[in-house]
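Shown next, in structure tokens, is the structure this report addresses.
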């Protein structure tokens, strides 16, 4: 089981822990912040996060736990143009 | 199993029990109150909760059990600007 | 397993059995009545229930079994302003 | 497992087998008829059923098997004002 | 397990195999034809099927496999007024 | 388990592998092509596929893997009027 | 179990790892890029990806993890007209 898990994209996601990510939700909302935790369901904890609604910053969050089933994608890494 | 659970964001959420949180639902509703209980599905119990609809207070609840599948995110902690 | 279950908010919900509750559904419907039974999926039985649609009473039910997946939240207890 | 099942609202629903019920679906449809069978998913068989759409009778069914995931609630019993 | 299955409405549905049925989907579509196969998820095979959209015949199918999660209900049997 | 599987409509679907099929999705999209692979979730691989949107050809695909949960039905076989 | 997995379309998808693919989501969004990882839920990692909204390029991503449940289909291979 552990072996199968290690082949999954969601395991790769673990490598981005403690990095800046952009989490896009199904509804037109995005959250940019440091991802301190993520699980196989894409439940994510972001710290020092900014919420973007329709592309504009709409709120800030010291710490927020996003429920994975709302996630469309998570953008990782160096190139972070937004 | 218990070990795997302990790595999950939802376990981190347990640390916020008995603290003030803000629960945002998929539909445009938010609930602010003391989180006395939360489980891995993000089923949450809030006490002394205020409901916000479209950003405005719309109701109060002595005790309310929110079904996890409606949750978009849970905001935790010290910085609680709203 | 039983142990894990006992930590869940849905177990706490069991304590409200035979009390007056307000069940809000995802669609704009609410049901107020005595909760005689509830399970971990928030399947609920209400007796002597009143349905509210858009805040207005719209029907009464001697006994109704609500399917849990439609539930947004269940409001419990003493303070029952509505 | 059997023991846990027996506490569930859906088990209580079994007692209403062969009685008249009203099944409300998520979409604005209701079915009134004799419930000859029901399972824990609220899959239901109704015989001699009448369909109501927007409150008006719209069709009749000698025997119909309703898929449980569409069910909002099932109204049981003596008081059957509709 | 087999025993529990035999009590389910979906097992009763098996008795209607090779009979004419009407399958109503969540979206406003109906399929009338001979049901040659059905499983507990209400995945259904119809042969010589007619599709009705908004009540009017819109297509015919020699053989079609309908995915169960789209099904609202399956109407069985002798009385088949439509 | 294997035995139960063999009774399912989705197993019957296996017989249509390497034949021309029409896959209708929930959203108004259809894909016509040779089905080289299908599983119990109705995940499907089509080769030399044509996409129809609103009944009109809108794209072609050398090889496409359609996620099963989007499927409304799969039309099989000889009679392929469209 | 491993054997059953190997017959699934999603296993075939594994062969397209490190190739250019086009991922279409349920909402009108497409992502074109190199698929470095994919799992049975169609969770996908794309690198050097371009997002198309309504057919027009709308963003670029160095590395993005798309949650499988949003996927409509994945187009593979040589013929890549878009």
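Note that the chains take the letters A, B, C, D, E, F and G in the order they are written out, and that residue 1 is the start of every chain.
The definition used in the following text is that a residue touches a chain if its C-beta (ideal position, glycine included) is under 8 Å from a C-beta of that chain, and two chains touch if they have at least 3 such contacts.
Note that the structure is a prediction, hence the values are computed from the model and not measured.
A.B. asks: What is the set of chains touching both chain B and chain G?
C.D. replies: Touching chain B as well as chain G, we find A.
A.B. asks: Show me the overlap between the contact partners of chain B and those of chain D.
C.D. replies: C
A.B. asks: Go ahead and note the Å separation of the Cα centroids belonging to chain A and chain F.
C.D. replies: 33
A.B. asks: Centroid from C-alpha atoms only, then distance chain A to chain D, rounded to Å. What do you get?
C.D. replies: So the centroids are 42 Å from each other.
A.B. asks: Can you give the whole-Å distance between the Cα centres of chain F and chain G?
C.D. replies: Chain centres of chain F and chain G, defined by C-alpha means, are spaced 19 Å apart.
A.B. asks: Hey, what residues on chain E touch two or more of the other chains?
C.D. replies: Those would be 69.
A.B. asks: List the ring in order: which chains come, beginning at chain A and going next to chain B?
C.D. replies: A, B, C, D, E, F, G
A.B. asks: Which stretch or stretches of chain B touch chain A in the complex?
C.D. replies: 7-10, 12-13, 26, 42, 68-69, 71-81
A.B. asks: Would you tell me which residues of chain C are touching chain D in their complex?
C.D. replies: 25, 27, 29, 31, 37-39, 43-45, 60-67, 69-70
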